[in-house]
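In the two complexes below, chain A is the common chain; its partner is chain B in one and chain C in the other.
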Partner chain A sequence: MRVNGLARRLPSIGTSQIVALLVILAANWIVSPQFFDIRMQDGRLFGSLIDVLNRGAPVALLSIGMVLVIAMRGIDLSVGAVMAICGAIAASLADSHALPVVLAAALGAGLACGLWNGFLVAVLGIQPIVATLILMVAGRGIAQLITEGRIVTFTSPDLAFLGGGSVLGLPTPVVLTLGMLVLTLLIVRGTALCLMIEATGGNPRAAALAGIGTKLITVAVYMWSGLCAALAGIVASADILGADANNAGLWLELDAILAVVIGGTSLFGGRFSIILAVVGALIIQAMNTGILLSGFPPETNLVVKAVVVLTVLLAQSPRLGGYFAGLPFNRPKP
Partner chain B sequence: MKRSPAASLLARLMPVLATTAVFIAGFLICSAAYPNFASLRVVMNLLTDNAFLGIVAVGMTFVIISGGIDLSVGSVIGFTTVFLALAIERWGFPPLLAFLVILAVCAIFGAAMGAVIQYFELPPFIVTLAGMFLARGVSFLLSTESIPITADLYSHLADHAVRLGGGARLTVPAMIMLAVVLGGMVLLHLTRFGANVYALGGSRTATGLMGINVPRTTVAIYTLSSVLAGLAGIVFSLYTSSGYSLSAVGVELDAIAAVVIGGTLLSGGYGFVFGSFLGVLIQGLIQTYISFDGSLSSWWAKIATGLLLFAFIAFQQLTLHLARRPRRRPRLATAGAAP
Partner chain C sequence: MQSPDPLAAPAATADPSPPLLDVAGFSKSFAGFVALDGVNFTLRHGEIHALLGENGAGKSTLIKAMTGVVQRDGGTLHLEGEEIAPRSAAEALKAGIATVYQEVNLAPNLSVAQNLFLGRQPTRFGLVREREMRRRAEALLYEFGLAIDVGAPLESYSVAIQHIVAIARAVDQSARVLILDEPTASLDAHEVEVLFAVMRQLTARGIGIVFVTHFLDQVYAVCDRITVLRNGRLAGTAPIAALPRIELVKLMLGRELSRATSARPMASAASVEPPVAVFEGYGKAGYVAPFDLSLHAGHVVGLAGLLGSGRTETVRLVFGAEKADCGTARAGEGAVAVGSPREAMRLGFGYCPEERKTEGIVAELSVRENIVLALQARRGPLRPLSRREQDEIAAKFIRLLDIRPPDPSRPIGLLSGGNQQKALLARWLATVPRLLILDEPTRGIDVGAHAEIIKLIRDLCAEGMAMLVVSSELEELVTYADEVVVLRDRAHVARLRGEEISVPSILAAIAEAPASAALPA
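And now, the complex of A and B:
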């Protein structure tokens, strides 16, 4: 029955996001006719569409972790700072250690950051916004401590491959994001975890009474978010062959939250969709790329983003009867 | 209930007292490390340098006590400085008229955010996030350059200061901030509006059932926050004599941190304007210490602020935990021994 419900529900939820993505892609095609051109060069695909996927990879990675956190009625403001920390670790170790060590250290740091957030939220009972604000403020300082305030560069081709290389023609960041998406889907949707996360987000007390280990799940979800952020940080570092603790992942937590919200997951917890969060990330990136391609000044980017957020928000507002009712004026004022 | 009024007042003021103690301890540590630190001049500079943050923190205190959050304030400051620079330098507005216009624009902006939060039942976090993007985006559209403001009023206001001896100057930004802090304390603690703000933070539903006009209060709170952010923008433009669309990036986080360090509960319903003022001063103290030291790098400020945040939040959780425990037992005791 649940499967039936899902089958009926998901397409109806997903259509608005997918239509939005298609509309934006079509708009990009209008402003730049060669938008859909894809060519093969040196065994790697090139083109604006591939670029959208490639540039969107870090935010898509963050949104995979963020959607789980938000489904638990939490929020993770620290992911941008965690990206900076993990990128700094990866870049400083890259030239002196083998790739597995570098990855283990950076991903381990991401897990540790998630553990800290999860500990504050689940064990100390601190509000998620505040709990993750601590690491958001201090994390960038820690990242600068690791890089000693400089922009650390590296030459290791192994790590650089993760940012600039390609697998089967696709850029590595895209492959990593797909891998993370599939892994997360398998773990979450393939088991009862999905139900437990939705239950905890819907009503933590009822979920705990029903025998769900809400604390353990909360910690695990924040750690997963930290892991996704670490991977995003590694990709961002590998892409620029260095780590800039000041700017790596700056404000990307907001983009990730935005992607999740565009993806239709409510900030009040409960029902969530990982795939649509990634679609949300792609919508944001397609918008960014489109504005760049159109020759509009990049300054318009934020205004367009704000308008899109507001539209999506109003569409999701509990006050509006349906997605297509559209206008707020249709309803009597309270 | 059983406690004497003085004791319960003391318990209520505990977090602010703790913040005060931390500020005094921090100041003593700094003074012990650097003999020149303990001077009126340093204190006055602390007020001037953090004036805009102090003003924003007062507005943020109202928002957070009411159970909301306002992420847009940093962008509103940036927008205000750009608007002022353009209005005064390019469009030929007299500065005072420009101030009035920008405060009105900010009021409308805040009221719109409050209305969206109230009437569409959307989370303040995401609505003010959209407001943050919008305000920053519009200021980028206005201008991406840093524009110097050369109006006479600006140089007059920059020179105007109450001299306190020893090189200490109580500057105009500092005076504005102190006035806003005092005004905020009066508004929050002595007026009906202030009481409504606390009530909203306690429970929206109960507040509505009590007959308080919840929509009007919500809109007023976000209007106040945006107007104060606009005022902070005016002060910021006075302080830097310029307008730049990238100014005050991330100030919302500093303001939220100051409010939390000041003992206000982020879940709403409890807090003091004076605590936020001290929170701002503590952050300023950390910055001043680092600039006095010279060899410490700026990132230590971030780490220290993060640690302080953690310490204060952990302290709050502890006091909440302790406060919840004994209250159950006395209630049973008083039930039997009621006069």
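And now, the complex of A and C:
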């Protein structure tokens, strides 16, 4: 009974995502035999694998916030624009203010953006896709107002460290992402929020009637998504020593949504996995890196990405699973 | 059953010409569930025919089968003696059968005239003749006694006018049979009168109207004949004069007046105990009329009435799922506000809703998670129940209520209805409520679970919990209720206590004509 139950559960907890990541890494290794080479230089690790982690950090950060929003039956289209706003704030303040002030301002702006989204969704009852579309469009305009239409550059080594520095050999963006992941896991899994989010996403009316403060949690979740986007924006700005309001975080909201979906969280809300969403972000980045390394023209990137994503999603589909139900290791659900 | 004559089909003797609409032997099942079982139904020229029945009696299936929205499994349909077999609502309309639903199926943002002539606008050289269309719209509505600006968007008018526009559109498309599916549910008394006037006017033209409603007063106000469905079968057809209210209610609920009531438990002296909660003049406009209700420890108050009479509305107000707009609530010492389920929960209220699937269970979560949900909500997110505490609570209630299969990690959606209901009871029992509100606790569950849940209600009451129970199962209600409040047309109309409680007395109160009920407006 116990063993059978476990065997039935195994495929549902991340096997397909882990396998997909391993397959893509193996494919990368085939097209570029140096893929797994890692060397230490000036106290920092270098190599394609480290590059995947480093380049994947912004989308991974976004997906940490996005997975909570999607688990609540919501969606946050504004994260790319919020990245641009917060990156612009950080870059504008970097040379005139101390790092803590810069960070507080940028992260605070991210929280404020999330509060706005949460207010529209939870209090005014606007559909999430429309509510966050407002900031997706307006946010880039706000970012351009902050940079006054220019590309703002800065020289502050403190802020630059967040993009190009390293901690214990690992690039700072990777460490920041790990930190955010651990913090989010502690907050969500360490409290009853996990149960409340899953209940609200699974059946909002039942959750409200059970006495859960669904509105408050909705606002909090959008604010957390805003915070994650702010951090991603800071990292992106620190990386290029400047802020480009037109292009920072452009279309990354779609990558983040994709990462969450690849990570097995349903767009209809309910059960979610933060770690698998991050794995989803790494799958996307590993593909991007692999295509660059392979020497294929970068134009093929999007098509290959679409095929891989389709494969991963099909592997999770219960209906497709039904076609294999006759196989000996698959038992029909009682 | 009572004398058969009012229920016999009089069509053969009274009317030599074929009836306007003749439904014979309609059957329909959905995946093994029989929704219609050999139903006969006739509609004559110029009559208003009420189609009545409780939830799941088969009214909507019958209407959908007549209009081709669902394909029937068996039976024939004749319109003025001619056999027809519409395969869609559009075909039915072409044949002359139009349906107007409770939610008006028109485009609220278009003008009244555009709505009236949508898809059949008067054109010249392919261009819509706006002025001609408006003129014809005005002329059409004038026949219905409406003189309104037909250029204004439909949504700028009241629901009643929208209904009349929908009816006018249907009639103008040469409808001979008009089916009105609960058209009055969201209308006020004056609007209902306007609608009735229109209906009577249509019957004068020979149009037959099928009128689906939950309001018995309206049936007696406007209808000529009544057909009652119960559990997918024809329970009876009779002219209005031959079917007094009490007989009608019995037909709908399938009860026999002669049936003896089960033994009542001794009238408890619980009313001397201080009330757990008292509601005075509590109500919400257009939702349920103001009522007084006091709930005592160890005391079961039952709410009885037909579907749509305001029972569920009452308990939703009490639990704060809807906000009251008048009256006061007191719990314990002083006045309290019950504006949300959260506040109700903090006062020690618990609520198992009627709609288990949409408002009760979180289907993909486990039985354990569903059981601890309300308790966890009360503790707040920062004081999580440890996995061990959750397991202990779940195991305790699975054992106590005999939830099967006894596997706390199973998704609750895979359990049977009765076991889901028990798990929902467990969710609230885990919070140790002072007042437990149950809406149709035994609906849709098997007989065994029925008995268990009734026993549980009695046990909880004996332990000193206050209970408020909505139930259509009157035989069950009389066995455990200390007080029964009867509702009709969204108002509390009678209060039965102790010895007065019996199935006949409840039925009588439900059926009573409104004139004799002392009703504050």
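Worth a mention:
One rule holds in what follows: the second predicted complex is superposed on the first by the 300 of 334 C-alpha atoms of A that agree within 3 Å, B and C clash if a C-alpha of one lies under 4 Å from a C-alpha of the other, contacts with A are read in each partner's own complex, and residues count from 1 in each chain.
Definition applied: a contact is a pair of C-beta atoms (placed from the backbone, for glycine too) under 8 Å apart; a residue touches a chain by one contact, two chains touch by 3 or more.
Treat the numbers as computed from the prediction; the structure is a model and nothing was measured.
Upon superposition of the two complexes on chain A, a steric clash is found between chain B and chain C.
By the document's definition of touching, neither partner reaches A:P100: not chain B, not chain C.
Contacts of A:G295 after superposition: neither chain B nor chain C is touched.
In the superposition on chain A, contact is made by A:E198 with chain C only, not with chain B. Taking chain A as the reference, the larger set of touched residues comes from B, when chain B and chain C are compared.
Once the two complexes are laid over each other on the shared chain, residue contacts for A:L209 go to chain C alone; chain B is not touched.
In the superposition on chain A, A:K305 makes contact with chain B only, not with chain C.
None of the stretches 55-63, 91-99 or 109-117 of chain C clash with chain B in the superposition except 109-117. Applying the stated touch rule to the two superposed structures, the overlap between the chain B and chain C interfaces on chain A comprises residues 333-334. Residue ranges of chain A in contact with chain B, taken from their complex: 75, 120, 124-127, 129-131, 133-142, 144-145, 148-149, 245, 254, 257-258, 261, 267-268, 297, 299-307, 309-310, 313-314, 316-320, 328, 333-334. By the touch criterion given at the top, residues 69, 116, 119-123, 125-127, 129-134, 136-138, 140-141, 144, 215, 253, 256-257, 260, 266-267, 297-303, 305-307, 309-310, 313-314, 317 of chain B touch chain A in their complex. Against chain C, the residues of chain A that register as touching in their complex are 5, 190-193, 195-196, 198-199, 202-203, 205-213, 217, 270-271, 333-334. By the touch criterion given at the top, residues 319, 321, 341-342, 344-345, 351, 353, 358-365, 369, 372-374, 376-385, 409, 414, 427 of chain C touch chain A in their complex.
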